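Two complexes come next, and they have one chain in common, subunit A, joined by subunit B in the first and subunit C in the second.
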Partner chain A sequence: MAKYIEMIRIRFLMMLAYRTNYYSGILIYSINIGAYYFLWSAIYGGQSSIQGMSATQMTTYVAVAWMARAFYFNNIDREIAMEIKEGKVAIELIRPYSYLGMKMMQGLGEGIFRLFFFSVPGMVIVGLIFPLQLTTNLHTWGYFAISTLLSFMINSQLNLLAGVLTFFTLNGEGLLRAKRFVIDLLSGLILPISFYPEWAQQLMKYLPFQGISYIPSMIFTESFTNDEILQGLLFQAVWVIILVIPIQFLWRIAKRKLVIQGG
Partner chain B sequence: MFYISIFFQYMSQYLKTKLQYRADLLVEFLSDLMFQAVNLIFILVVFGHTQMLHGWTRDEIIFIYGFFLVPFSVFASFFNIWDFNERYIVRGEMDRVLTRPVHSLFQIILERMELESLLGGVTGLIIMAYAGSRLHLAFHWYDVFIFILFVLGGTLVYAGIFISLATISFWSDARSSIMPMMYNIGNYGRYPVDIYNRVIRYILTWVLPFAFVGVYPSAYFLGKKEWYVYSFLTPVMGIVFFMIAIFLWNAGVKRYRGAGN
Partner chain C sequence: MTYAIEVEKLRKEFKSYSSRSGLIGAFRDLFTRNYKIIRAVDDISFKVKQGEMVGYIGENGAGKSTTIKMLTGILTPTSGKVIVNGMNPHKEREKFVQTIGVVFGQRSQLWWDIAVQESFRLLKKVYRVSDRDYKEHMEHVIETLDIGPLLDKPVRKLSLGQRMRCELAAALIHNPPLLFLDEPTIGLDVLVKLKIRQFLKEINEKYNTTILLTTHDMSDIEALCERVIMLDEGKIIYDGSLQKLKQNWGEGKQIQFQFRHEVTKEQLISLTNDLNVKWEAGEQSHSWIAHVRAQDMAEVIGKVVAAYEIKDINIRETSTEEIIRNIYEEGIVHG
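Moving on, here comes the complex of A and B:
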């Protein structure tokens, strides 16, 4: 366990060395949040609420969804694809740790760094510019923290899955790009899931994506009732467990194929 | 003449290399298509909950998005200048470019051409046709030429802004994230400017005139008379911003000393 914590620490320090890159990142996210803020204000127009959410709640939703994204987002899919392609993964495999577990810890190190140097200052800046509704209810913050951690796990697992999948495909780049668009759309980052037509919502219940952005953001904006919060957290936890299966399965096959290639 | 023949020679070389890897090309097409679909789905879903966006209907917004895709795809095909700093200044490739008897900017445009992005323009045309037929827009024979003029104007606006930003590298070779920032600001131009507050509207019109890539030119085809003045300013803005960019580029090249020894 100690070596994994060390991984988190090293990645955190690595990110710290390049922290100036992040100030502009906050600006980019603020620009995006701004675009959606104006768009949603226009969409709400005279209506006081759509799908049970007020305009302020929607602004908060957009802001928190983007700032939470800084935490759960990582490029471990690209890193894995790159290391497989360049053959570096062979060296990683003889090291005394689980390769995928280690990647996840690196992702967590990155996430923790961005949480402190990106999400928190970003949220303060965005809060000064746009009218947000930050709750003072400690329970909400607690649920939100758990939910965001789970969303990190789901997103990272999907990244692991996509990274390992590139091993079997010729054009990994296209696959990873496509995955990003699917996640942007179906995770609830650009649109709350409750805005989609009924049939689409039914369909998305069987997909893990809404556990990434929709559930934590809905919890944060207090748009969920207590029952819905618990259901949402359960949904996320179940997916974290389910996703282990395809990852392990594909990783085993990939490792076997890798040996043949190296021999 | 010389420039035109160089252009076609680069283009044929480009097509040869691309057609070697057809599967890659297909994947690229598909992921581009998905990107465009994401934005379209956003508009469609949102209009499931509202009738009007500041007086603009669903189909009008879709039309603007379709139009935006056309100049944007032309820009993306020919002006891949976003990594100019790393590719040409830091690695010293600029030295090679400068030894050749063709204008440096023209060479870079040719080298970094990505014609497959033009497919986005086709998607844009299809989206416009769909929205246009639902709106029963009247088309005249001369609209074709106006359309081409506006697309060129919009492309030049984009090109002018991004080339100007790339020239910063001549003065400072530090890495900056100003390019991705600009791409995100560019998205503001896809929606009617009147939804933004006055400052942003002013910036989008005169400082970073992204509105001339989407809303303003589209307003002409949508028959929004109050915006006609802006619509017809599109080519003017394009030329002005492109000229500024060329001027900055030439000034920068004069200052360029090379990164190596």
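Moving on, here comes the complex of A and C:
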């Protein structure tokens, strides 16, 4: 286990080496949040609530969803694709660790870095500009923390899956782009799932995406009842387990088929 | 006697796709693709004893790297048996890689953006090396390779020679009994090469480390390896001592004469027609090279010097590189 924790530390150090990139990121995220804030203000108009969410809840939802994204979002899919393309995966296979496990830990290191250097300062800035409703209920914070961790796991697993798929295509740029777009759309980042038409909501119950953004954000804005919170967490946990299967399956085939490119 | 490496009838085949030409061809490629099977490694067998230093040589594309990748568990063989350190590399990967060290000359295994010592620290954790072992072993390695002052620099700021020494140290953190070096001296200057060779000899003596080395630099092989395995088109064409290879192929000498005035080949041939001499034009003007047997050397020189005015004479042994070149040109190794 020590090696995996060490990997988180290393990744943190690597991010620190390029920290200036992140200050510009805060600005971009703030602009995004601002744009959605004005969009939603216009949609709400004079109404006090839509689909059971008040305008302030909605603003908070948007802000939290984007800031949580900074934590769960990572580029390990792209890294895996690149390491395959450049043949660096050979080096990873001569190490006594699980390659995918290590990638996950690198993602976590990146996530923790962004949490401290991005989400927290970003949230302070956004909180100063827009009316947010940050709960003081410690239970909510606790559930939110668990839910965000699970959303990190689901998102990273999907990244692993997409990354491993590039073993079979060798150039997976299109695939990775499509995956990113689908996740932003279907995870509830852009639009809460409860705003989708009924049939789409039914369909999405069978997909893992709402476990990435919708559930933690709904928990944070206290739009979920206690029952719904537990259901949501269970939904996330089940998907974390289910996703292990295709990843392991594909990884096993990939390793057998592995062709190291470039010598 | 236990072997560090046992390979029997090892084979690796790749499917290689070829694209059709033109736009129509590209469309057809979307549906069906032409491919042919290429045998990169073709039923090779060899054994390496613990503590041996073996040079694994061959031209580009001969199958050296593919073999190393199968021996290190990166690639799965198409068929055949591989036992390295008593294990099947592909089956027991995580346990197996704990017992080997690998250096790929063309590929860094250190983390690019962070200081060298951070990479070492991570590898120490990865290989579960105790603080005591690390200190005892690595202090010596760091000192011998003279990389102490580089440890706090990020890898991207190191020169190639500096980086290569760090790579070597990184591959040895867990003090593996078997070391694979895939072109470790590529692009390095003579001083760094010498240092690395010296170091490899030392760990071989100290820990009885088995070393399998691929290189295009024959001086590496000459300095380090008693045994060479030579590969051509996926097949082993020679496996034996370097000494024997030289005796069989390089017993002759080369004498280079630099004449003061122009001399023709015919003149030289008629001068030495009673001896077994092959004449060849040298690179400079008025210079000729005589390939002779060692016992004829004095007589040839005597005759030439007596007949023509000489500016300079050079006597060389056939270099290993030339021997290898000759072997590849003829394709097979006799004896």
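Note that the second predicted complex is superposed on the first by the 256 of 263 C-alpha atoms of A that agree within 3 Å, B and C clash if a C-alpha of one lies under 4 Å from a C-alpha of the other, contacts with A are read in each partner's own complex, and residues count from 1 in each chain.
Definition applied: a contact is a pair of C-beta atoms (placed from the backbone, for glycine too) under 8 Å apart; a residue touches a chain by one contact, two chains touch by 3 or more.
Note that the structure is predicted; figures quoted are calculated from it, not measured.
In the superposed model, A:R95 makes contact with subunit C only, not with subunit B.
Within the superposed three-chain model, A:P197 lies in touch with subunit B and out of touch with subunit C [touch as defined at top]. Of the two partner chains placed around the shared chain by superposition, neither subunit B nor subunit C is touched by A:Y206.
Taking subunit A as the reference chain, the count of touched residues is higher for B when subunit B and subunit C are set side by side. By the touch criterion stated above, A:K3 is placed in contact with subunit C alone, subunit B being left untouched. Within the superposed three-chain model, A:M14 lies in touch with subunit C and out of touch with subunit B [touch as defined at top].
When the two complexes are superposed on chain A, none of the residues of subunit A touches both subunit B and subunit C. Contacts from subunit A toward subunit C in the complex involve residues 2-3, 6-7, 10, 13-14, 17-18, 87-88, 90-91, 93-98, 255-256, 258-260, 263. Residues 14, 65, 69, 72-76, 93-95, 97-98, 100, 102, 104, 106-109, 111, 113-114, 118, 121-122, 125-128, 154 of subunit C touch subunit A in their complex. Only residues 23-24, 27-28, 30-31, 34-35, 37-38, 41-42, 45-46, 48-50, 52-54, 175-178, 180-181, 184-185, 187-188, 191, 195-197, 200 of subunit B touch subunit A when the two sit together in their complex.
Residue ranges on subunit A touching subunit B, taken from their complex, read 21, 24-25, 27-28, 31-32, 34-35, 38-39, 41-45, 47, 50-51, 170-171, 173-175, 177-178, 181-182, 184-185, 190-191, 195-197.
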